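Structures for review follow.
The following pair of complexes shares a single chain, chain A, combined with chain B in the former and chain C in the latter.
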Partner chain A sequence: MTREALIDSGRIARFLLAAVIVFVFITLLTPVVLVVWASFFDSSFLSFPPPGYTLKWFAQAAEHGAFLRGFETSAKVAFGATCLGVFLGTAASLAIVRSGLPGMKLIQGMLLSPMIVPNIVIGIALYVFFIRIADGIGIDLTNGLWGLILAHTLLTIPWTVRLVCANLVGLNRSIEEAAANLGASPLRVFTRVTLPMMRSGVIAAALFSFIISFENLEVSLLLVQPGSTTFPIAVLQYLEFKMDPAVAAATTVQVLIVASALLISDRYVKLSRVV
Partner chain B sequence: MGTLSVRNLTKRYGAMAAVDNVSLDVEGSELVALLGPSGCGKTTLLRMIAGFIAASEGEIFIGGRDVTYLPPHKRDTGMVFQSYALFPHLTVFENVAFGLEMRGAPKDEIRTRVGDALKLVRLDSYGERYPRQLSGGQQQRVAIARALVIRPDVFLLDEPLSNLDAKLRQSVGLEIRSLQKMLGLTTVFVTHDQNEALALADRLVVMDQGIVRQIGSADELYLRPSCVFVASFLGQANLIRGHVQAPSLFRTNDGLAIKCDTSQFGSGSPAVLCLRPEHIEVGTDAAALDNSFAASVQAATYLGASTDLTVRTDENSTDLLVQVPNKIASSATVKTGEKTFVGWSTQAALLIRED
Partner chain C sequence: MSRVSRRDLLKYSAAAAAMPMTSILPALANDKRVVFGTWGGDSERILRETMAVVAKERYGIEVVFDVGTPSARKTKLIAQASRPRNTMDIPWLVDSDMYQMSARKIVKNIVPADIPNYENLIEDFRTDYSVPNCYGALVLVYNNSVTPPASIKDLWRKEYAGQIGVTDLSYDKIIPMASVAFGGSTSNYAPGYEALLELKKNGVRVYASNEAVGAALKSGEVKIALMWKGRAYTWQQQGVPISYVTPSEGAYPTFFVMGVTSNTGVPELANQVLGAALDPEVQVAVARVIGQVPTVKNAKLPPDLEAGIGFSEADRAKFIKADHAYAAEKASEAREFWNQKFKG
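And then the complex of A and B:
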């Protein structure tokens, strides 16, 4: 190939890459942009083009009790499931990567398996399971915060195991040996060196766990009780009766919260390095 | 007993012995290099001294204290790792302070001693930086300061130069050596690079397949290798197999008769003749030496400071590698195909045992 042809083919390759990247971004961002846009439409049903713009739907969404209570429940559930899942998942990851015991690959596979089971199946299975527990030992988990937290922990554990294991595998064991060599007992090696080096993996795990739990619909569907639904279920219930931009306004707030959480955590741990 | 003493140390993995019955004494202020090809057990031996690998058999004494069953954090060794192994989340100052903190040293003392250690490696203005902001050579110097600040009983270095580029390797190596001498550190240094070991160590331990082949100073090992492995591992050597025919007479398998010291061998016993290429003379002067043969030059490779010749004896066609220094205004440049003489003195010819 001549020099000019080589330069040309390089240009074409770069152009194709840029085109694919732009396409992917458009596909990913269009729904988000449309929802945010629609939340400002001045019409009581979603019509296009919008007759005008208004902020009233945000006020309306804020006055709609189910959205607010949904936000509160979802935040509580996501917080609980994140704490529990990140704690258990991190401990499990340490055992999987470090213990050297047989069967660790199998255990890792089991812990990751909720990722490949359809969420609605998990929801139904848990509902049946919780009813059995209620019948058997009298603890009713089917309609309370704790049932939801435990159910969502099933979603946060795989994310934690995936991210923290990847982080642990990449750690240079010599660094921990250096700490021991300098006089640190095994416990101090763990608290002063291992844990701080796992920080980025654990923060990423917590972040993803929180988001996954907060936006989950299917697992929660059968486990909520009237009056204390999660935010995604509140949105679904609202949509059964009305199709006005208040839903878009509420979701816009959710998008804002998630985006700012991502931006803030990116300041402390570069997300591009942990995901 | 030396400051560091290793007694019949063995590490077995299943049936394979990574370190096989090794005994070694390192005196105070001495730098000993563990040298050998990869997989020879030198790193395993170092890691056993540091306490990262448990011994299958044998004992380790540091300063007269039996540390064989002590965990690494109770051994008072200062180790420098091949990958530097700095704490990425701590600053240079905090990295160096780590060992003192673990020992519960007061804050003021930590500040002075860390400052001194950083000055020692010429990084006193880098205390606030993080390891990732330093070059490889600087990181290695932080690792050295971190290991030295605790005033270890034994200073251990695991291939400390192999991640550095060729230029830095030499200067950091000499820096380690001068620090070690200045502070009088008892040091064990693992390397696979014979030049590094020859240049830096008081004594070398040549290892192969978990076994110590020979221990000695650089010139002892080079001039009087105890076996074929050591002779071929350190520098270049012509190794010619044969047997002792009579006192002071060695007969090669090719049939050449060579005069040399045979006092270590009985008549008729097999041996290997070791001839260093730079100990062989080429030219008409060579005809006057104890051993001399008419020969022809088969190949010549110009190497700047010297020229490598392959010379074949007329009698029995034995090929010898000869290194000739290149003098200024050398009119006698040797040409391929040229008829000449090769020769060497009886002292240049060393008989060693077959492995």
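And then the complex of A and C:
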């Protein structure tokens, strides 16, 4: 093959790669762009083209108490499930990767199993389980946020285990060994060397966990306590009676908040390196 | 300013962390609390603003809303059927779902004398186990540019081919409606299945939600629909060029009914909340917001709303009467027909 032909094939490959990247970005971003666009439609019906544009749906979404209450509950539950899940998942990941004990692969598989069970099945099973606990020992986890937080923790642990295990496997252990050789105690090695090196994996796990918990619908449907609701449930219930752009407005605000949180996080940890 | 010591900080943090724990311990006696299982959205909002206020002011009862899809609420009810005390005191469901709950003894028979305003409930709507607080019915909705249909059977006319839209979730009403139109009944779906396959050949669009049907009527994608009268009225008010008519075979009603769980701990309070739901002012407010018609004779809608969503005595007499036992027996078969043969 001549040099010119090689250059031409290289250009074609680069062009194809760029085209695939653009296609993927368009596929990923189109739904978000459409939701944001629809939130400004001046029509009760989501039909194209819109007759005009307005900001009234944002005001209407703000007045819909269920969206606000749902947002607050979802944020609390996601925060609690993220803290618990990342703590437990990180500890489990250390044991799986570092302990060298037999059966660790099996334990890893069990910890990842909630990802392959349909969420609605998890929700029903936990609901029945919580009822049995309430009848047995008098602690009612279906009443209050703790049941929901524990249920969502089940969803956040697999993400944490996957991400932190991958991170741990890639760590250079010679740095920890050097610290130990220089006289650092095991606890000091862990807090001063291992944990900082795991930072990117733990932060990625926390981000994914928060998002997975915040947007969960199926598990929450059965476990949310009477008098309370989560944001996804509030959206679903709103859509049963109306399909106007107020839902798009509420979702746009959610997208903005999540995007802002990601940008703020990026100031402290470069997300492109951890995700 | 005094400094917060580490010990204090730990103490306050522990107290804050323990706060949510208090709710999972057995509730301290809150005698006047009734948990009401409901849809969310506008239906919850209007009951919160009206029925719950009446229950509080008149009887001192705090109504707590347990919001969820009908499937989630039914699952909760079934899972708690054998418990000493159900966490849900009043489920609010459609009549066919409540029939199933009654058949499983999850809701108990009501005692009319214990329910305030029960005497004003329209006699035809009464059952042994439920109290309907509002209702609606599927009617024929058509774009003003087409020849108005008069009967369910008219939907099969060739001039409407490809112009009909229905909602996916209404299949359990559309099948009996087709059956009634083609010689069957709500206790014999076979003629309906056959007729619907013919309608499929003519071309019919199935939409995921009622609102999607509304958008299709607005855009002109479809010209005819089987739709709830209340929705059609709302769309008409929003400028969609449609009209609607009760089919000559009769409209297919759905009643939104409340029951009292067999293992509620507060049966008297639950009856009082049912009474609040039958309050005429509450029912008129519900009609204004979600377009469902009052079930008590002393609730008077404004004339324009009555004309838009109401049903005359003659209309009510012609309602297609559901056979809930047959519908429950044929539920799987009907769902499979709809998903595999009609939509597939």
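Definition applied: the second predicted complex is superposed on the first by the 272 of 275 C-alpha atoms of A that agree within 3 Å, B and C clash if a C-alpha of one lies under 4 Å from a C-alpha of the other, contacts with A are read in each partner's own complex, and residues count from 1 in each chain.
Keep in mind that, in the parts below, contacts are C-beta pairs under 8 Å (C-beta built on N, C-alpha and C of every residue); 3 or more make two chains touch, one makes a residue touch a chain.
If you're wondering where the values come from, they're calculated on a predicted model, not measured in any experiment.
Visitor: So if we stack both complexes on chain A, do chain B and chain C clash, or do they fit?
Guide: fit
Visitor: Have a look at where A:Ile139 lands relative to chain B and chain C in the superposition and call it first, second, both or neither.
Guide: Only chain C is touched by A:Ile139; chain B is not.
Visitor: A:Ser47 contacts which: chain B (first), chain C (second), both, neither?
Guide: In the superposition, A:Ser47 touches chain C alone.
Visitor: Given the touch rule stated above, what does A:Phe71 touch, chain B (first), chain C (second), both, or neither?
Guide: Neither partner.
Visitor: Looking at A:Arg199 after the superposition, I want to know if it touches chain B, chain C, both of them or none. Which is it: first, second, both, neither?
Guide: first
Visitor: A:Trp57 in the overlay: touching chain B, chain C, both, or neither? Say first, second, both or neither.
Guide: neither
Visitor: Quick check on the superposed pair: does A:Asn181 touch chain B, chain C, both, or neither? Answer first, second, both or neither.
Guide: Touch status of A:Asn181: first partner only.
Visitor: Does the superposition put A:Phe241 against chain B (first), chain C (second), both, or neither?
Guide: Second partner only.
Visitor: More chain A residues touched by chain B or by chain C?
Guide: Of chain B and chain C, more residues of chain A lie in contact with C.
Visitor: Under the superposition described above, what is the C-alpha centre angle at chain A formed with chain B and chain C, rounded in steps of 10 degrees?
Guide: Apex at chain A; the opening toward chain B and chain C is 160 degrees.
Visitor: Between chain B and chain C, report the minimum C-alpha distance in the superposition, expressed in whole angstrom.
Guide: 24
Visitor: Take the contacts of chain A with chain B and those with chain C, and give the residues found in both.
Guide: On chain A, the chain B and chain C contacts do not overlap at all.
Visitor: Which part of chain C faces chain A closely enough to touch in the complex?
Guide: Residues in contact with chain A: 20-27, 35, 39-45, 64-69, 72, 75-76, 79-80, 83-84, 87-88, 209, 211-212, 214-215, 218-219, 238, 240, 290.
Visitor: Spell out the residues on chain A that touch chain C in their complex, using ranges where they run on.
Guide: 44-47, 64-66, 124, 127-128, 131, 135, 138-147, 221-222, 224-227, 229, 233-234, 236-244
Visitor: Which chain B residues qualify as touching chain A in the complex?
Guide: Of all residues in chain B, those touching chain A are 50-52, 71-79, 81-83, 85-89, 98-99, 102-103, 143, 146-147, 150.
Visitor: Under the definition above, what is the set of chain A residues touching chain B in their complex?
Guide: Those residues of chain A that touch chain B are 172, 174-175, 177-186, 188-189, 192-193, 196-197, 199.
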